[in-house]
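Following this line, the structures themselves.
Two complexes, one shared chain (subunit A), two partners (subunit B, subunit C).
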Partner chain A sequence: MVDILFIGLSLGSILLLIALGLSITYGAMGVINMAHGELVMIGAYTAVLAGIYLGANIFVAMPLAFVATALLGWLIEAVVVRRLYGRLLDTLLATWGVAILIQQAVRLELGLTFFGIQIPGLGPGLQNVSVPEILSGTVAIFGEEVNAYRTFIIFVTIVLTVLTWWILYRTPIGTQVRAIIRNPQMAAACGIDVKRVNAMTFAYGSGLAGVAGVMMSGFKTVFPDMGTPMVVDGFLVVVVGGVGSLLGTVAAAGLLGEINGVFASVTNDILARAVVFATVILILILKPAGLFSFKGR
Partner chain B sequence: MSFNRRSFLKSSALAAGALATPGIFHRAAMAADEIEVGVLFSQTGGLSIIEKSLSDATLMAIDEINSAGGVLGKQIKPLVEDGASDPKTFNEKASKLIIRDRVPTVFGCYTSASRKAVLPVFEKRRNLLFYPTYYEGFECSKNVVYTGAVPNQQLSNFIPWIINTLGKKKFFIVGSNYIYPREMAKVSKILIEQNGGEWIADEYLELGHSEWGAMVNKIKSSGCDVVLSNVVGDSVVAFYREYKNQGISQADLPICATVTSEVEIAAMGAEYAAGSYTSFPYFQAIDTPANHAFVERYRKFVNDPKAVTHHAMASSYFQVFLWKQAVEKAGEATPEAIVANVGGQSFDAPDGKVTVEAANLHTAMTPRIAQWKADGQGEIVEAYDHPVFPLPYVAYGETQDNLFCTAQGLDTSKLNQ
Partner chain C sequence: MSETLQRRLEILAYATFIAVILILPAFADIFWLNRFAKYLVYGMLGIAIAMSWGYSGILNLGQGLFFGAGAYMLAMSLKLASPTSLAQGSDTPVPDFMLWNAEPGAPTDLCCITGGSWLWMPFQWVGFGAFMGIALPVLLAFTIGTVIFRQRISGVFVAIITLATVLLVRLLVIDLQPITNGFNGLTDLAWLTIGGFEFDPYLLATYYLIAGILIAVLIGARLLVATRAGLVLQAIRDDSNRARYLGFDVPKYQTFFFAVSAGIAGLAGMLYVIVAEFASPTFMDLTFSITMVVWAAVGGRNSLLGACIGAILINTIEASISETEMFVEAWKAIIGLIFVLVVLFLPRGLAGFAQDASAWVVGRLNRGEGSPASAVGQTRNQAAE
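Then we have the complex of A and B:
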């Protein structure tokens, strides 16, 4: 039983890893960032390239990916998202376009194929990142042999969640972000530089996506289309958890991960996926605003 | 000089006509010493990674035939179309090649879904498709020449070998949830029972799904001693990785696969597959001068010194030569003449002698089993010493003496038994 719960927990932590960044940008800024999956993909490619050019393992790749995707996120915010605040559907379309651009840029090796230059590691092919020796195989936890790499993912997720919580609830910038979540106009009137805070929030959310990408690269193939399905899973968690609620995101990721893990173990994976979606529908019927949500905005 | 609109239009039209005329004559003249054929694979989209290699192998074969003088004294001109990883696009492009370009043959398709999508076009227009992929069988068309392995050519040696040589008897069958893995599982179960083994589970995962935690855990606790994998696509990669990450060793509980080729191994990282097995008629590791030369030529052709060759790619290559021989025997390049003459054609392919069987237009090939090494290459551990007759309906009891798919078409009465 412990191993089944562990699988659920690891599924939940992967969901949370993807949803964390998404939840912040959606919650704080009301932006449905469809390019979030592509930021995850860029994070994974950072790990691939760091491996090829620097001989670096995923521990080194994680901060690199955070910086790279945070910068990319900052750029996306400055060029596209900033001009579209308050227009939910427009941001959805615009970031979807950004997603396609990023995907094709990676596939075309950033356009360099036109000039006959080839960057090993980019392009349409499948890539992989090897897991360091200490993270492969199993470790014993409570007398149960569990997957070392997944334990590591759970650990990283906990660290990032605590860090995010600390930033949101224990720093001045976090107070400003929370004020913007509740009421952006009033926050602006109180002298908060909404633009600057939003840019930083978006960059931070994007950086989290990059770290998620490095984690993904350890057990999935890295290829230009890998991000697209992740956005769906991410929004599943954000919407079920309740917009802008860190607690809700954590709870929803844990709940959906466990449901998926337990049903996949006792029945099969195909049914488990259906049960997850049925649960999501049920929760949204009973609690339309998600599990934990703020009142009004 | 007065220059009104009408005269301007007239002179422009004349000029345009004069410019275009040489082109028309040129094209007509070209057509006399050229045979156009269709090459239809996904150049874009999710499947392009693998289908691009099939397209390249086809073009390489055409290139080689052309530099050796072509076919019937004519050069082959490939019309490359992009199926875009989408069955509907495959259908449209097949129609375009057959109806507008009037090609006598198309080399193409990788997935069963794309083949099923183009099949009606080929049957209705009485045209001809050369299909290079290993597939589930269960099809009998007079308009398709199948040059990939069918289930009996991947499993008839594999299952007995697993049971007798590896000494593994309890099978856990796992696959992606669609027709190929399910048909492969059907054939496997028959063979497992015939050889005195047992299968304890038969599980499927959504196509393209890459979350293997629960499934690998199930495998671990099922008490099986071998895993038979019919998993396809990038799910394969996540599967082998999770397998190793959950601490299962290939030595204790080997994965024996029917889809995992050099391409997937390269994608997952060779250390994850090391020790597992795959059954295919062709491997890059086949140690013959013919195959070494083939790998060398391919790497030069695609200008990539590390390119890998694999089964469907080898079929994509040799099927063009089988086609050429049929055209030469027929003395003309019409679909009817090619179909009538392709049966019985043999060719010394990189994987040995291959023969298109006249009875069912499938190809006899030599099954082999390879064990994957840490460098991403297989080591051939078992091979038939002769090509095996293709039986597309083996899951339903077809044998070489009792063919369901015959020159007269499919004998459906046998399926209902």
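Then we have the complex of A and C:
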């Protein structure tokens, strides 16, 4: 039983890792970033390329991926998202276009195939990243042997969640972000540079996606289409949790992860996913604004 | 004065579109027409999206559910009518994949070859499949719509619920391998036969069947949104609270138009099966459902004709650039770029652009009167956000 709950916990932490960045961009900025899954994919590819060109393991790839995807996110904000504030559903469509562009860019090796240049590690094929020695095998927790890499993912998720919480609730910039979540016009009137804070929020959220990508690369195949299912999962977690609520995102990720883990152990993976979707539909019908939502937004 | 001119321009646009798709066979070979018939089916999906999104403000990211439901219903009948199903050595036709999935020694009959195969029995009559192709999507939409609109769920939450629904059903269809053939879907279908006439997909009559139904749906939908109910619907989209205070039963109107949109999508699914000769779970992929929404956004979500043309246009462009030597690898990226540019710079799509352009011309003709049509368009667009 403990091992099933542990698998559920690790699934939940992966969901949380993906949803964390999505949650702060959606909550703070009212932007549905459908390209978030592609940022996860870029993070995974950073791990692949870092392994090939730098001989680096995923510990080194994590900060690299954070920087790379944060920069990409900053670029997406500046070029596309900035023009669409206040048009929620249009951000969904435009970032879907961005997602297709990024996918194809990776598949076409960022356009270099047109010039006959090959980059090993990019392109349409499948890639794998090996897990460092120290994280393979099992570790003993509460007398149970559990997968070391899954434990590591849970650890990274906890660290990033606490970091995000700390930034949001204990720093001046976090206060500004929360003010924007509550009421962007009022925040602007109080002298907060909404545009700058939004750009930083988006870049930070994108960076979190990059780190999630590095984590994913350790146990999943890396390929250009890997992002779409992830953005769906992340999005469901954010909406079920309640827009703009960090606590809600954590709770929803844990809940959906456990449901997935438990049902996968008694039925099969496909039905477990179906049960997750059914749960999401049910929760949204009963509590249309999500599990934890504030009023008066 | 300018209002009537605008109206005449709109009628002219509809007439031109109808004339073009009716005349096209004179200039194209049958293989191209078969492909274009699929784009006409996509055009019908554009109409369905415009009706639910542009006119009702309901962004349905799961329209593929209704398309897929329509497609599977007719495909089940056509599968039973196919020569391979008839040649399984039993009195009644049995789909070949059921034999592969059956327990050894199970009777080769629809009643009990695999668990749940009896669900296929009424589909031996093609009329039942065709009827269910519309009835099932409408029923599904009616159920979903009743639940979510009574709860006053709106905007992005409707999008999430519909998205989760289509993914849920897709997984169930895949998991029910013994009666749906899972991932592979239904292939090797018979041609639709009505009164002894076979609608071979590579036949001019089949093209005209689809073109004719598209035209009927387009005109019917246009007339429907112009009725009093359609006007109430637009009032609900613009301000649902105000409509509620005025005494309109908001969920009833929303559910009705949601179901009509689903019925159109189901019809489109059936026609797709007739020209493409298969039904598969990819119809219920998220990517396909979002792509439909993007077609409508590019064409113009507030215009039935615009969304229809948007779908046809994008698919035609896609097909032609994917065949151009230089772009054979990059065409998807180009389509992605078009999406981004249209959303950024033409928020009301090509139809909005055309309306603005015609309003400008009309304004020039009636100098001094301004351009009321363009002002109406602006407020409409803002309210739809």
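Going forward, the second predicted complex is superposed on the first by the 297 of 297 C-alpha atoms of A that agree within 3 Å, B and C clash if a C-alpha of one lies under 4 Å from a C-alpha of the other, contacts with A are read in each partner's own complex, and residues count from 1 in each chain.
Simple rule for what comes next: a contact is a pair of C-beta atoms (placed from the backbone, for glycine too) under 8 Å apart; a residue touches a chain by one contact, two chains touch by 3 or more.
Small disclaimer: the values here were computed from a predicted structure and weren't measured.
Trainee: First (subunit B), second (subunit C), both or neither: which does A:268 touch?
Mentor: both
Trainee: Counting only touches as set out at the top, which of subunit B and subunit C does A:173 meet: first, second, both, neither?
Mentor: Touch status of A:173: no partner.
Trainee: Where does A:148 make contact in the superposed view: on subunit B (first), on subunit C (second), on both, or on neither?
Mentor: In the superposed model, A:148 contacts subunit B only, not subunit C.
Trainee: Quick check for you: in the superposed arrangement, does A:56 touch first (subunit B), second (subunit C), both or neither?
Mentor: neither
Trainee: Could you look at A:235 and tell me whether it touches subunit B, subunit C, both or neither (first, second, both, neither)?
Mentor: second
Trainee: Have a look at where A:137 lands relative to subunit B and subunit C in the superposition and call it first, second, both or neither.
Mentor: After superposing on A, A:137 lies in contact with subunit B but is clear of subunit C.
Trainee: In the overlaid three-chain picture, which partner chain does A:75 touch, first (subunit B) or second (subunit C), both, or neither?
Mentor: A:75 contacts neither subunit B nor subunit C.
Trainee: Mind working out whether A:281 is in touch with subunit B, subunit C, both or neither, as first, second, both or neither?
Mentor: Only subunit C; A:281 stays clear of subunit B.
Trainee: For subunit A, which residues lie in the overlap of the subunit B contacts and the subunit C contacts?
Mentor: 268, 270, 273
Trainee: Per the contact definition, I'd like the list of subunit A residues that touch subunit C in the complex.
Mentor: Those in contact with subunit C are residues 32, 34, 80, 83-84, 86-90, 92-94, 96-101, 103-105, 107-108, 111, 113-114, 228, 232, 235-236, 239, 268, 270-271, 273-274, 277-278, 280-281, 284-285, 288-289.
Trainee: For the complex, which residues does subunit B have touching subunit A?
Mentor: Counting only subunit B, the residues touching subunit A are 46, 48-49, 52, 177, 203-206, 208-211, 213-215, 217-218, 221, 234, 237-238, 241-242, 244-247, 263, 266-269, 271.
Trainee: So in the complex, which bits of subunit A are touching subunit B?
Mentor: Result: residues 3-4, 7, 10-11, 14, 124-131, 136-138, 145, 147-150, 218-221, 223, 225, 229, 260-261, 264-265, 268-270, 272-273 of subunit A touch subunit B.
Trainee: Can you check the complex and tell me which residues of subunit C touch subunit A?
Mentor: Residue positions touching the partner: 59, 147-148, 151-153, 155-157, 159-161, 163-165, 167-168, 171-172, 174-175, 286-287, 290, 293-294, 297, 329-330, 332-333, 335-340, 343-344, 347, 385.
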